[in-house]
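Heads up, the thing below is written out as structure tokens.
A, B, C, D, E and F label the chains in the order they appear, each numbered from 1.
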Amino acid sequence: MTTMPCLVLAGHIPALPAVVSAEQLSRILQSLERNLLTPIPLCFLLGIICTRIHGGIKIPKELYLSIAIFLLMSIGFIGGHELAHEYQMHGVATIWKPALVTLFLGCVTPITSFLVLRYLGGLSVADSAGIAAHYGSTSAVTYAVANSFVEQTQHPANSFLPTLVTILECPGIAIALVLGAALSARERAARAAAVGQPVRESKLGEALYEVVTGQSIMLMAGLLVIGFVSTLFMDPKGFQPFFDFFQSKGMLFRGCLCIFLLEMGLVAGERLSDLVRVGPFLVAFGILMPLLHGFFGVYLGHLAGLNLGGCTVLGAIVASASYIAAPPAVRLTLPEANPTLSITAALAITFPFNIAFGIPIYFEMAKWIGAV
Amino acid sequence: MTTMPCLVLAGHIPALPAVVSAEQLSRILQSLERNLLTPIPLCFLLGIICTRIHGGIKIPKELYLSIAIFLLMSIGFIGGHELAHEYQMHGVATIWKPALVTLFLGCVTPITSFLVLRYLGGLSVADSAGIAAHYGSTSAVTYAVANSFVEQTQHPANSFLPTLVTILECPGIAIALVLGAALSARERAARAAAVGQPVRESKLGEALYEVVTGQSIMLMAGLLVIGFVSTLFMDPKGFQPFFDFFQSKGMLFRGCLCIFLLEMGLVAGERLSDLVRVGPFLVAFGILMPLLHGFFGVYLGHLAGLNLGGCTVLGAIVASASYIAAPPAVRLTLPEANPTLSITAALAITFPFNIAFGIPIYFEMAKWIGAV
Amino acid sequence: MTTMPCLVLAGHIPALPAVVSAEQLSRILQSLERNLLTPIPLCFLLGIICTRIHGGIKIPKELYLSIAIFLLMSIGFIGGHELAHEYQMHGVATIWKPALVTLFLGCVTPITSFLVLRYLGGLSVADSAGIAAHYGSTSAVTYAVANSFVEQTQHPANSFLPTLVTILECPGIAIALVLGAALSARERAARAAAVGQPVRESKLGEALYEVVTGQSIMLMAGLLVIGFVSTLFMDPKGFQPFFDFFQSKGMLFRGCLCIFLLEMGLVAGERLSDLVRVGPFLVAFGILMPLLHGFFGVYLGHLAGLNLGGCTVLGAIVASASYIAAPPAVRLTLPEANPTLSITAALAITFPFNIAFGIPIYFEMAKWIGAV
Amino acid sequence: MQLYALKLVTVVGETVVMEDIAKEGLKLGASGYTLSEVVGQGSRSARNVIVTGASRTTKCEFVVPTDVAEKILTYVSHTYFEHYAVIAWVADVHVMRGAAYVAG
Amino acid sequence: MQLYALKLVTVVGETVVMEDIAKEGLKLGASGYTLSEVVGQGSRSARNVIVTGASRTTKCEFVVPTDVAEKILTYVSHTYFEHYAVIAWVADVHVMRGAAYVAG
Amino acid sequence: MQLYALKLVTVVGETVVMEDIAKEGLKLGASGYTLSEVVGQGSRSARNVIVTGASRTTKCEFVVPTDVAEKILTYVSHTYFEHYAVIAWVADVHVMRGAAYVAG
């Protein structure tokens, strides 16, 4: 299974002269600087610093949740709006390939993650599946930051990327959990027999339903439909204030993203002390796996016809790990998995890596691979 | 009493050829489509769907309350601002008639509601009075949605409608509660004597004071004064950012309304399962009473000189039922009233009916009656 | 020590013909009217009225905290942005003097406060030091209101005022607490010996650290750096939405300030009933001390080269008393100090006085002293 | 260590009446009360007032001497049990500085 | 005043499972439950699910007869003690209108 | 079902000191604690710190053996009763998996 994606890639990649040339490296560094010295990653950094020095910033839980709701609604609504334009111009011609590719990636990434964790890392079945569920899904905030990045580089992504985020949310979690449940069922039965207790009934079905009808999907998909429908039926003047409110290039979206990233930094900072506990393998996994998945995303996105911004963003969301939808689902279905491992990897390693370094790297990957 | 409004209406209504002509029906349907396929009712629908399929959207209580505060402040402030313009141009000449008419409607609607509930529906005194308190008062969100509707149809309502909302808030609750308390006092005394306990002292006075000084009135009336005064005394440049913030056509107001309606949908969806329990009479009441009250509002508004948008909005607010100010007041003064009945009727029947169908219907009523 | 500031002032003040001329008084009154009849102080007034009549306005704690976070971030970010412009044009030439003066004022005001309270007012050491900690620090909201005021009078303050707010936050609290702890240590030891218990270890170090790394400093200073850095490194188009979001003249800042002041009014209103309990001395202190400190601020600001708006704002922040950072620090280090005294003075006397009368007075002071 | 045997009265019910109950508790002799926001379900919760977005249920605790505990329970049961969703119970506790809580 | 001797079962643990526990309590015979949001630390809290921003720990209280109390404690310990951060205890209480809480 | 007799120590007081009390409880031998935000009124609440908008009162619960309970109560009373609005009480409870809570 792990070799398959390599097969897919064979032959299309330009010869690798010395993996990364000096010029490319300097371009990457410039890109990094341009990315890092902007309010969004700097707010994340401020959050980390604040936690490390035991500073007093406290974002009320409700503000954090409210911003999350706004961001999800915004992503969906603007996505639906732009999808309507795309649809009016091209029908589904430009969309079905990227959608399929995204679905494919949603099925492959949990499996690559699981195999790497189980056989290279030697983690238990439950832990491997639990972490794989996080990496198979996606992080809407990483999407938002990647989208801001490409907009600032004047290469906005294709209009239907929000649709792809929605597609990518569930399959990865489902596949990883089914895998984990199946593989650990025998173990559990044995242990239950040993202590003479009935086997705890699995919550798999319930948990999967909760993922599919979870807040992220409901808000993104729901507002996508609303944005689509109102674009088609409303006159533009009446539509304008709604557009201004949800507008992802607008001040509300960008400003809320700053506050959100500040809170993410506060949480990630607390988790940094767990890095020692999770060990060097998981740290490496949290950096290298996104690079690999990101490359899959960029490359297949390019094959499916995405533009430069689109490839970058698809790379970023495939590379990202879920830390909102996945954790409760994993906790309910695979209780023997240690949540510290998965959350630390997703939140304290992969998320900051993507925000700070990953996104500009996927952008360079996309350029290098020929996306325009 | 119930016949009186009919008397008032006599003679002024254009002959009813076949109640509603085919052409009118198609106009209503178009109006409905134009109203329904916009983000505000669609967000309400999303909320209902989410609850019905046990989806995961959770709007933090504090976000909901914060938006409510913002909407009330906004309605008041912009109302005060436009009232100041109106006042500078016409003095109180244009305002006193609609104000009187609104006060009159605030006194009549709880009584019509009570009579219908008690004698047509056969409900207990306490239940009838409790529900009548809800239908005698008004819902600020219905006002906001109606106002957005008429603005989108390019027939903005008269500037002083927010003043009318404030006037309509209290009298209905007061009248219904006094009625209920008076009529059920004897019953209670008898029962208290039977169980040998002292009669619980009535909280009527307290409850009424709480309604009059409740959040809705304080914020709407308070900001109305603030908007009025600052319009008169501030230079326009300094006033602008406050105006932009509270502006009811602006992105903040419209966007917040979307989130608010989403939450309303979530709550109404939960209440849908109570529809069976409240029975067909109350379902019919929740639809027909608003139509009747809405017609009173539209018609008397027209007589008082309101424009097309103004008649529509007055119809909508007279037709609407309170679900914020009324419930605690009723619970404290008429504890034997079953809150499931009143809240379900107000929130799960009348509110969605008005949002989806009522407002366009009142608009057509207003046109038909000759408002311009 | 109390005579020193007078020494500093000697000789520079224009002759005082009759302290305040009739013309000046009328200018002050006009200024007051222009200040008072704007939404920000009116919302404060609404809050007070609502509390006094037991009205129902309830601002959720989380909304209040969220707005506080936004205001602090906004002050810092826009401060950093304008500091970057100032820096690009003048280097640190214009900034170091006002910074030093502010630091000086931060050290002097807690001491003047302590001496007045202890020797004129006859309060206990702990109470004197506790109140002095409040008056030695500053209130970010008073800054925001003062800043709005001078912007509305078309005399915007120098760009680096937010930096001064940050400088002024800590030293006053630190000095007052050290003073209080030192002076009351002997007392405590004696009492502890009397009841035969070990002396409670002092939390002074901890409390000071918490002040320095508290939310206000972290957010203002952190966003100041972020605003500074992103102004230098981002292209203006990418920077715009962040600027619009945090913009202190913008609708979000002004609107949020209204809601914040409403809540402050609700809280101050509750405290009004404590005015009797704190006695006439503290009431006088809460009005006269700010006038004196405000004059120090205006005057030294003028010497340090601030413009008219800058002098006014510096006067206002020196005159203001902290009610966010100081209370918990005082509570932890000087538990025998009565918090009712300090909070009532800071919140129910000095804050409203500054908002309503102080700011226009500092403005007139600044004009009179020759600031332009 | 000097501990006083007192009663902990806990009342859980509709938020709309809990502030009244707390205040009445003071009148009946309690020296204080502690309120918390909770979420609950009970036999009559269907009758709870579900004011949109408002918190539905509140818990109120009193630490009081036995006689005051009885008065509070009696008051609550007479005044609220018939029409409101309210539950009340009492437990034995030992309190530090307990004398302060005996005579209001 | 008629008081019934019952048990107050308190379960504190990871929010992710507390709603299940409350529901199961009803099935096992409780007539209701009361949930509150808390913040906690315990021997295994390092294993708590820390979903960003979500509340971490919930407390669930049941007022029930002795046999139901035992059932709930047994259920919680069998189902959740192994893998979840959960603690449960029981105390004696006296309840007004207690008959209502005996047979669900 | 194996239940251990332990003590439930409840401390209610000004939020500003409750985190310290929780931490100190762990040092004195508690294996964990549970904090909740409450609203309260007591004999000295006029002295409560009312930091604008901040929650005023916090409740802290410890399930501990008798000796630890005594230590916590003594610590709280010595350190906080003089100057802070704090109340503390103790009750008997029976705990599942109780051995875990005996020796921290």
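Here is the rule we go by: a contact is a pair of C-beta atoms (placed from the backbone, for glycine too) under 8 Å apart; a residue touches a chain by one contact, two chains touch by 3 or more.
Keep in mind that this is a model prediction, so the values were computed, not measured.
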item	value
Smallest number of contact steps required from subunit C to reach subunit D	2
Chain at maximum distance from subunit B, centres defined as averaged CA atoms	F
Interface residue identity across copies subunit D, subunit E - same or different by half	different
Chain pair with more C-beta contacts, A-C versus B-D	A-C
Whole-Å gap between the CA centroids of subunit A and subunit D	48
Between subunit A and subunit B, centroid-to-centroid distance (C-alpha), Å	43
Between subunit D and subunit F, centroid-to-centroid distance (C-alpha), Å	20
Per-residue overlap in subunit E, given as positions that touch at least 2 other chains	36, 91-92
Touching two or more other chains - residues of subunit C	60-62, 65-66, 252
Pairwise chain contacts, counting only pairs that touch as defined	A-B, A-C, A-E, B-C, B-D, C-F, D-E, D-F, E-F
Complex contact set, residues of subunit F against subunit D	10, 12, 36-43, 45, 57, 59, 70, 73-74, 76-77, 81, 87-92
In the complex with subunit E, residue positions of subunit A that touch it	61, 64-65, 68, 197, 200, 263-264, 267, 323-324, 327-328, 331-332, 335-336, 338-340, 343, 347
Contacting residues of subunit D [partner subunit F, same complex]	1, 3, 6, 8, 22, 26, 31-37, 63, 91-97, 100-101
Complex contact set, residues of subunit D against subunit B	14, 16-17, 46-55, 78-79, 82-84
Of all residues in subunit A, those that touch subunit C in their complex	33-34, 37-39, 42-43, 46, 49-50, 53-63, 66, 152, 249-255, 258-259
